[in-house]
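After this come two complexes, each holding chain A, first together with chain B and then together with chain C.
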Partner chain A sequence: MAAFLLRRLGNHVVLAVAATSLAYLLAAAALDPRANFEGRAPRPPESVVDARLTRLNLNDRTSLAVRYGTWAAGVLHGDFGRTWDGRPVNAELWRRLGVSVRLLSPGAFLGSALGILLGAYAAIRQGRAADRFITLGSYLLLAVPVFVLAVLLQIVAAKANDAMGMHVFAWVGETTPGAAHGTFGALGGLADRMRHLLLPTVTIAMTQAAFYSRYQRGLMLDVLHTDFVRTARAKGLRRRTALLRHGLRTALIPMTTYFAYSFGFLVLGGMFCEQAFGWHGMGEWLVEAISRGDVNVVAAISCLAACGVLSAGLASDVLHGVLDPRVRAGAAA
Partner chain B sequence: MTVLAVRNLTVRYAQGVPAVCGVGFDVGAGEVLGVVGESGAGKTALALAMVGLPPPHARVTGSVRLRGEELVGRSDAELSRVRGRDLAMVFQDPLSALTPVHPVGDQIAEAVRVHSGATRAAARARAVELLDLVGIPGAARRARAHPHEFSGGMRQRVMIAMAIANDPVAIVADEPTAALDVTVQAQVLDVLKAAKEATGAAIVLITHDLGVVAGFADRIMVMYAGRAVESGPVEEVYRRPRMPYTIGLLQSLPRMDAAGTARPAPVDAAPPPAGGCAFRPRCPVAVDACAGADPEPVLVGPAGHTAACVNTEATADPDAVFPLPDPMPQPALAPRRERPVVLEVDGLVRHHPLYRGTLLRRRAGTVHAVDGIGFDVREAETLALVGESGCGKTTALMEILRLARPQRGRVAVLGQDTAALRRRRRKALRRDVQVVFQDPFASLDPRMRVADIIAEPFAAHGLRAPRGRVRELLDLVGLEPVHAGRYPHGLSGGQRQRVGIARALALEPRLLLLDEPVAALDVSVQAGVMDLLEGLRARLGIAYLFVAHDLAVVHRIADRVAVMYMGRIVEIGSVDEVYGRPAHPYTRALLDAVPLPDPRLERRRRRVPLRGDPPDPTAPPSGCRFRSRCPRYTALGAVDARRCEEHDPMPRPMSTDRESDQWAACHHPLVEAGSGT
Partner chain C sequence: MITGLAATTAPGRPAGAPAPGGPPRLPRRIARSRRAVAGLVLLAALFAVAFGGPLLSRWGWDDTDFAAFRQGPSARHWLGTTQSGRDVLALTLRGTRRSLLIGLSVAVLSTGLAGLVGTVAGFAGGRLDRVLMWATDLLLVLPSFLLVAVLAPQLGGGGLVPLLAALLWMVSARAVRGTTVSLREREYVLAARFLGASPARVIVRHVLPQLASLLVVDASVNVSVAVIAESGLSYLGFGVRPPDVSLGTLVAAGQGAAATCPWPFAAAAAMLVLIVLAVNLLGDGLRDVLDPAAGQGRGDR
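And then the complex of A and B:
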């Protein structure tokens, strides 16, 4: 298993390098940071703009190959360059990554677990009211864009706040300023963070759950009538136990593949969520960077996203190996 | 003492005819009831209804009593306390019937724990004990292995271990050996027999194989279209069948024993009509009364032998029921050695390299699929390649069909060496070599009409099908002109295989390669297709190379037979010689393992069962490849055994008789040269 994973890791590093380089080349060729300076009044002299852009490695009059070389050498040393206004990309990148992870991980985790359970349950109750309800709900959620869902939830939360006459739900930003210095100290700060996390988590979890439940339902339907579930029942297991112990485990195996692919979907959903709930994470930064022509930031985020997708792929390989002994035997040899 | 009593059991799907209709029987402790019928007769629906696991939307009525306790209509919770403890089940396909993700030991232990509440450790220990009981070597270690690490026979042993885990009162076994080779089938039946003796359980054995029932069951129940049409003690029913369907079934079986020389009467499939006896359209002794009510079972013999037939007077003499077909016209053929050679194979080799790893692929070994085989097929004769699954018989066939340069050795078709062929000549030669595949469901394009399927070979060679040729071909294989416009899914299995044969015959080939052409068909349909093949060979003078695993089918249809084991031909010769006095211990073991559809003969037979499974094809044993399973090798002295260990035996003639051409690759054959007939 370890050798197999190492080989996979090597593969993935090559892929990540290719994806990041392509993203840089595309961004450097298409985006125009010069426009930021030219649009200023008074317009700075050409030579000043050129000198500034050259210092930031953003000058479109330097050849693309040279710019790429400079950038790549920096990345090899762990430096993603500077933003168009001269600040280092690295520091901002890690800070924003932290924000995004805090925003996305609870929702992603809850959503996938909930989706798998709901999907499995719907399959077991195929054709009954519960199945139809879950199916309808998940289609509805899949059809509603994330930002609409976020806004709808905010409206509902505002009504609830009004009805209770208390500020129970909060949805702007990560924290309320000063909450950590209130009566309850650090504990109050944590509670405040959780309060702010509630709505975004629900939003992400709901879309994720809808996505996963569809797949899980289909997979579970396939194992529902398999011979080994019948064998389990012939042993004396009740239907529910047989399906949980023998069916669900087998039906989870193909899910590990979807896990890798749904990561991209999650990052996209996160972008909308950040905008809707006023979190200053990676998604928001990417949108800003593209509109400002900030090549280095776009490349850095692309690199991180590529690494993220590939590690999700690696994680799904590990999960696949853990769940399916047949793969394990083949890989170990 | 009756432990399992079934009365008037009916399984009905949402609409349409019931799958099982009013079936009833009793099975006593330690007794075996064999339930026989063709596919679609309702055997599996019956089994699943008995254990309370019918498919969804099925309605089960009637009564199933286990030790007097009613099972039909109980809730899942109540039934799950009975299932696996008092009433156990063995399923057909051991590959899909075991959960792939759990170790087999845990799966057996689960069956123990769910009923006895034993501790995890105690249940594990019991699982190992059970695996040992069903003959799995190294049980303690193998208990931790997953199902995919076992062979088919070993998996079925695991299923049996699971079934007897709680000393059940009754076991329902649904086609427990249908997916296995004959040699392994014999082993598994022995295990089932041992399990019966260990638990004293009543067994309901469901099968399509009349030979298995003859050797294993005490009583038999024959099913047709969901009804029990005849039942009684096995010996009585086999000796004096009274229901025309049973008579036809027994007569259409290809037989290996002496009684099998007569040409059996084919019974063609027909859909059951509404009302009256379902067998009516196929029955040669049907009378007007048959169209009336469903025939009730009437007592026709001793010990409760009943048949559901209104015209039992007509079946008093079973042999007179089906008119014997006219004997096949045997064209006067020149002696074998004067006929031209159609196919010549010499030293043919096909090795598959085995790679491991994803990024860096390493050569991990070689599968010796075909490892130097040689034979010839002459005009108007049938050579059969037989052997267990994985012995390389289909690979050999496909290698010949390629008409290309083999990895090693030589293939010559109609005198032309395939290695020297240019593209145009190869394509032209393809007209003379055609193939019929095993699965008539998968080998026809579901989106093409029968007429187009049959005319396709012409199009493939840039020809126009001559007018009326399709109709002629349909007629040749016994299909009606109306079939030309149908799609394959509108045909029965036997009809589809006839379409496959018609397609192969379209270009008037000289050599027909047949890959298990009747293996997927029911016995009565098999007989019809084999008749067709025999008739075509007699009329058109085609040579057949016939791959099969069923030795009874081969006995019926082949002139010569080549027995393969691990990529080698271990024995070759005329069917009479090889079946009559097999020289190679493997041939003997294969023949011994085939159950005879005659209870008296079957129970009298003394057989030396073949142990174990074929060894790993990447690492055959040194010297003789069959050594690891050979019953003769174990009985040899040290000096004689050395030869088997050190020298790979080469084929040599087994008789000095000039007429004989029996060759075997064995150092210590069962018949010696010179001692021949």
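And then the complex of A and C:
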């Protein structure tokens, strides 16, 4: 298993390096940071702009290969360079990553667990009302883009706030300023954070659950009619035990592949969520950086996203090994 | 379009001879699938509304009514007006036409490319196969969101369709290649080759019909991906430029005031959801009809 994972890791590192380099080259060739300075009034003299861009390694008059070399040397030392207005990318990158992780992780965990359970339940109750309801729901949800769903939930929450006559739901930003210094102190701050997290979490959880339940239902149906589940029942296991330990466990194995795939989905969905709920995370930063021609920021975010997607791939390999003893045995032999 | 394609491929199937008591012909089997029919009807209705609607309304999408700013539905403006006095119905229909056209053309282009590259690579084998598959893998590594977001504004309005198509064909090209490799050694394909048929003829007459179900389903998936991608890009500001509209920019413009003035947001969002829903229904229905093995044991679709 370890050798197998190491080989996969090596493969993934090569892919991550390739993806990041391509992202840098693409951004450096196509984006135009010079326009930021030329749009200023009064317009700075050209020599000043040139000197400034050169210092930031953003000058489009330096050849692309030279710029790439400078950038790659920096990245190898753990430095992603500077933004177009001269601040270091690294510090902001970690801060933004924290925001995005806080925004996405509750919804992702909740959504995948819920989706797997609902999908499996729908398969067990195949053709009954519960199955029809879950299938219809996932169908409708899959047709609703994240940015529409986010706004719909905001409308519902606004109506609920009005109906209850108090501000129960909050959805702009991460916190209400000053909430941590109110009557309840730090506890109030925590409650405020939870309140702000509620709607984004529901948005992400709903889309993830819809995605997972569709696949899980199909996989579970395939497993339900297999001989080993019948054998488990025949040897006297309770229906619940047979279905959970022999059915669901087996049906989860192919899901590990979708897990890596859905991570890319999650990153993209997070971008829309940040835009819709006003969180200042990585997605919002990427959109800003592309419109502003901030090459180093775009490259840094692409690097992190590539690493994220590839670690999700690696994690799905590990999960596969944990769930499927044949993989472990095959790798040990 | 899709029924037409299905109908022409039906006689090419080896078991397609209309034996008495045999399996019913393809159009009838499609007609029996509730999902496919619902999707087709919904899609046809959307096309009719999007392209026929402007004939009924006297407001163009770029007209401004200086007598009505941000109003609710009325006899004059059926779905109200936006903040700048433009007719919501006309704007929504403009966005719908755009989404439908982009969805269909991206699907045709990308699925066509997948079919072409996949069959040629699988059929030729050897060095050509390796080169084509290497290029396919390379494109898969590209950060696709970045590519579209950076290049789409620079290429202008017409660039989006080829760009999206160029990013969507890789996975299905691999699948097509895999199937082609196994088909290449089948008896009837070998027979055709030994009878002296040219590779192009063998691919078109004997390999492609076998791939029809894979390609049709792939195309339907690509339609919904392209529709969502276009509106998402426009929502983020990387798509159409301001005077022109897309469902994505309408959602983005409407969301701020959605609680007090829901019409612009609701109309665009509803159209977007209906398009994707129709295409998903049609795709799922077609998969069950064309590829029963994939749906086996998956219940009552």
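We adopt the following convention: the second predicted complex is superposed on the first by the 329 of 333 C-alpha atoms of A that agree within 3 Å, B and C clash if a C-alpha of one lies under 4 Å from a C-alpha of the other, contacts with A are read in each partner's own complex, and residues count from 1 in each chain.
Please note the rule applied: a contact is a pair of C-beta atoms (placed from the backbone, for glycine too) under 8 Å apart; a residue touches a chain by one contact, two chains touch by 3 or more.
Everything numeric here is computed off the predicted structure, so don't read it as measured data.
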- Message: Output check: A:Ala305 vs chain B and chain C. Expected answer is one of first, second, both, neither. What do you get?
- Response: second
- Item | More chain A residues in contact [chain B versus chain C] | C
- Task: May I ask you to decide whether A:Arg55 touches chain B, chain C, both, or neither, giving the answer as first, second, both or neither?
- Result: neither
- Item | Touched partner set for A:Ala18, first chain B, second chain C, both or neither | second
- Message: Touch test for A:Asp324: chain B only (first), chain C only (second), both, or neither?
- Response: first
- With the two structures laid over each other on chain A, which partner does A:Leu237 touch: chain B (first), chain C (second), both, or neither? first
- Task: Examine A:Arg128 and indicate which partner it touches, taking first as chain B and second as chain C; both and neither are also allowed.
- Result: neither
- Taking the two structures together, which residues of chain A meet both chain B and chain C? 225
- Query: Once bound in the complex, which stretches of chain A touch chain C?
  - Reply: 15, 18-19, 22-23, 26-27, 30-31, 123, 126-127, 131, 139-140, 142-145, 147-148, 151-152, 154-155, 158-159, 217-218, 221-222, 225, 268, 271-272, 275-276, 287, 290-291, 298, 302, 305-306
- In the complex formed with chain A, which residues of chain B make contact? 51, 53, 55-56, 76-77, 80-85, 88-89, 91, 93, 96-103, 110-111, 114-115, 146, 148-149, 159, 162, 165, 356-360, 364
- As the complex stands, chain C meets chain A at residues 141-143, 145-147, 149-151, 154, 224, 228, 231-232, 235-238, 248, 251-252, 255, 258-259, 262, 265, 269, 272-274, 276-277, 280-281, 297-300
- Note on the structure: Contacts from chain A onto chain B in the complex sit at residues 4, 7-8, 10-11, 225-228, 230-239, 245-246, 249-250, 253, 323-326, 329, 331, 333
